[in-house]
Amino acid sequence: MKQMIFSLLALAGASNAQAQDVTALVQKVKAKIDLVNDYEAAGQMKTNVSFLKVPVSTIKVYYKKPNKLKIKSEKGISFVPRGAVSINVGALLNTTAYTVLDAGMDKIDGKPVKVVKLLPVDDNAEVILSTLYIDETNLIIRKSKTTTKTNGSYQLEMTYGKYIPYGLPDKVVFSFNTRDYKLPKGVTFDFDDGTSNNTPAADKNKQGRAEISFSSYTINKGVNDSVFQ
Amino acid sequence: MSPIVSVSHLSKKFPGLTAVDDLSFTVMPGDVYGFLGQNGAGKSTTMRMLLTLIRSSGGSIHIFDKELAANRHDILRRVGAVIEKPDLYKYLTAWQNLAIFARMSGIRPAKTLLMNQLQLVGLADRAHDKVKNFSQGMKQRLGIAVALVHDPSLIILDEPTNGLDPQGIAEMRQLILRLSNEMGKTVIVSSHLLGEIELMANRMLIINKGRKVVEGHVAELLDPARTIVQVDTPDTAAALRVIGDSAWAARLKSSTPLIRIEMHRNEIPALAGILVNAGISLQGLVPKHSLEEYFLSLTTIPGQHVATFAD
Amino acid sequence: MWQLLQIELFKISRRPRTYIAFAVITALCLVFQFAFKMDGESYLKLMLQNVDLDFDLDKKKVINGYFMCYIILNTLLVQVPILVALIAGDSISGEANMGTLRLLLTKPFSRTQLILAKFIAAVIFTTMLLLWMAVSALVLSMLIFGVDDMMIFRVKGDASQILLIQQDDVVWRYVAAFGFATVALTVIAALALLLSVFAENSIGPIVASVCIVIVCTVISNINVPIIDKNIKPWLFTSDLVGWKGFFYIKVDEEGVPIRGSLENWPAIRNSLFKLLANIGVLLGTAIWVFRKKDVLS
């Protein structure tokens, strides 16, 4: 990984001018994000993990600058992926000192996006590498891929709607790695209904997804710190 | 008058055993019908067949002029029974036991009826005690009350005096006689003791190994004119000479080891007189019915006659 | 018939051993509830394994009344057959042992009627037992732990799953599950009754019924293909846990449970039919044998 990063750095050094461009772009995006000091959002979370069969849960998301985020279940029980505290990409831009690299252009849903890589300056930072797919016209991040030291990699895909002026998405798809789940033997005495679960081997690669759809945001109206406890 | 119970050619075979073999008898209304036989003679099996507890292997049973198997419910409604020990629900009270079996017999008993029944058997003051605290005699009496609670016309009692003390036996005997004499019931009672039957029954049946030995009126079967008298004396030869010269010579049944003569009971004092007059040292004259002799030979081990026939 | 049934119920109600079953259930439920009130999270940690590391969830909410009842039923329904056998296995043999059978059978009703009355009485006892269980395992747990969505841990084939049923979708499942359990336990009642016809003491049929249940349960849990295919379908014990089917909720393509749905209703229905067929055969055999039996006790 490190080697790859070094080669990327070398690449970046070769095109310094480009790097300055993308740094400015990231700064602009950050400036937009900075408009939001805090928010309280209502939404629904759909968790898609092979061993979890859970209903869509109604949630509230609380955010406070620079990096406080809490997902709370409104009603009933919900499995909130621990990594989902990173659903606010802004937090990444707010907290870490980083080097920005230009990685060219790409397309998401047919629209051109700028691909930039963020390398935290601090070697001990939790995040090793982030890749952002930035919509240059709207100054919003459409997609991000992040590799962390201890929690594997995760990916965010954002869809925007009426909260686009604040850079806040209507929908976030959070993809993450999960560990396999195996119940201890002989604790359940299950009813064998004759259908066995012949899970194909490919499915063993445990990828989880959480789709959060926001219905409304209450922005910059203040959020009590106690909710983050 | 048609019989209450009419059994013809009844048989019951168990694997490896014929318990009842071609047995026929009739019980008439008002009879106290004695059923006499040693243990294992087939008495219980026969009684259980009368009560449909055991299916017969052959023959027929008619009760109240109806074929038993086809009219089981109608017949059993009019029959009361105590089979061997009168086992009842130990965890219930006397009253509850009585009420349960009354309802099972198809009647809805009034409280007064239940109380009367308990009074009849002398358990009124223990009505609400659990049966597990009862003595054998009390259980027996409660069993009788259960058998009678639905006012049956026919009462079947299998060894009702088993396990009772002498006083209990006497009470049971009186109760059976009352049932017959005062209440007009027909009673079938079994026993392995001839003395019991003799004191209660007007007609009787002796069975052995599942077969009928004899059936008839007790008065005829136990005719005093056919009493066997056993002469107990150390001086057997002298006694035999005296008897040989007397009118009873022709009625000598055996001379060794015991002298036994068949005669009318009334003649015993006269026999005693001539033996004593002839100077024979007489230890005793023991009268036995010829039937009794016969029955004892079936039911007892030689040498234990007297012990079994203690009445 | 009604009269006989009333008498049978009266007799059952008067026997101390009847109440042992109710006391046992109450005691076990209380033990469970106490243990989970004190340290339910340890159990939850064991069941959740790594999931706890990857996901954040409110464990206090998970240990609620619905969850508790499922845990209790899961363990207890394995033992309840013993309690049912205790009563049903005594039906005929107990009367024979006590000496009341011969008196009972000289009363003007048929042996079929007697067996049916005994059977229905045993079914009523079983139903009461399950109702009591519903009260002490479900209602009491609901009072102690409150209600919320219901979490179920399940092993399906090779995979382990965690199901979550929304709280307003739970009660009907319990009603159905208790109904199913009643049928399942009625099989035990019919089995014990049949064995009871042969014996003249009550211990024999009770022990024999329990042994049969244990042996069949053990065989049901041997995961060898030859047994899975050839023997298991014939064992009623494989169907005894069918009540759980009511908690296996169907999920859509994205793994989201569909409210009010069952994953495999045909399997539950077939289990139910198999259990009913078992009851029919066992009861029919009991009647047939008892009608022919010579009462020698």
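We call the chains A, B and C, going by the order they appear; numbering starts again at 1 in every chain.
The working rule: a residue touches a chain if its C-beta (ideal position, glycine included) is under 8 Å from a C-beta of that chain, and two chains touch if they have at least 3 such contacts.
Please read all numbers here as calculations on a predicted model, not as lab measurements.
**Q** Which chain has the mean of its C-alpha atoms lying nearest to the mean of all protein C-alpha atoms shown?
**A** Of the chains present, the most centrally placed is C.
**Q** Report the chain whose CA-based centre is farthest from the CA-based centre of subunit C.
**A** Max centre-to-centre separation from subunit C belongs to B.
**Q** Given the contact rule stated at the top, which pair of chains has the most C-beta pairs in contact?
**A** Answer by contact count: the chains A-C.
**Q** If you average the CA atoms of subunit B and of subunit C, how many Å lie between those two points?
**A** The answer is 53 Å.
**Q** Just the number, please: Cα centre separation of subunit A and subunit B in whole Å.
**A** Each chain reduced to its C-alpha mean, subunit A and subunit B end up 100 Å apart.
**Q** Provide the C-alpha centroid distance between subunit A and subunit C, rounded to the nearest whole angstrom.
**A** 48
**Q** For subunit B, what residues touch not just one other chain but two or more?
**A** In subunit B, no residue touches two or more other chains.
**Q** Please name which positions on subunit B make contact with subunit C in the complex.
**A** Per the stated touch rule, the residues are 14, 48, 51-55, 72-77, 79, 81-92, 96, 100-101, 103-106, 146.
**Q** Hey, which residues of subunit C end up touching subunit A in the complex?
**A** So the residues of subunit C touching subunit A come out as 46-47, 49-51, 53-58, 61-62, 74, 78, 148-149, 151, 153-167, 221, 232, 238, 241-245, 248-249, 251, 254-257, 259, 263-264, 267-268, 271.
**Q** Any idea which subunit A residues touch subunit C in the complex?
**A** 46, 48-56, 71, 73, 76-83, 176, 178-184, 186-199, 208
**Q** Quick one: which bits of subunit C touch subunit B in the complex? Just the residue numbers, please.
**A** Spelled out, the residues of subunit C in touch with subunit B are 3-4, 7, 10-11, 14-16, 98-100, 102-110, 292, 294-296.
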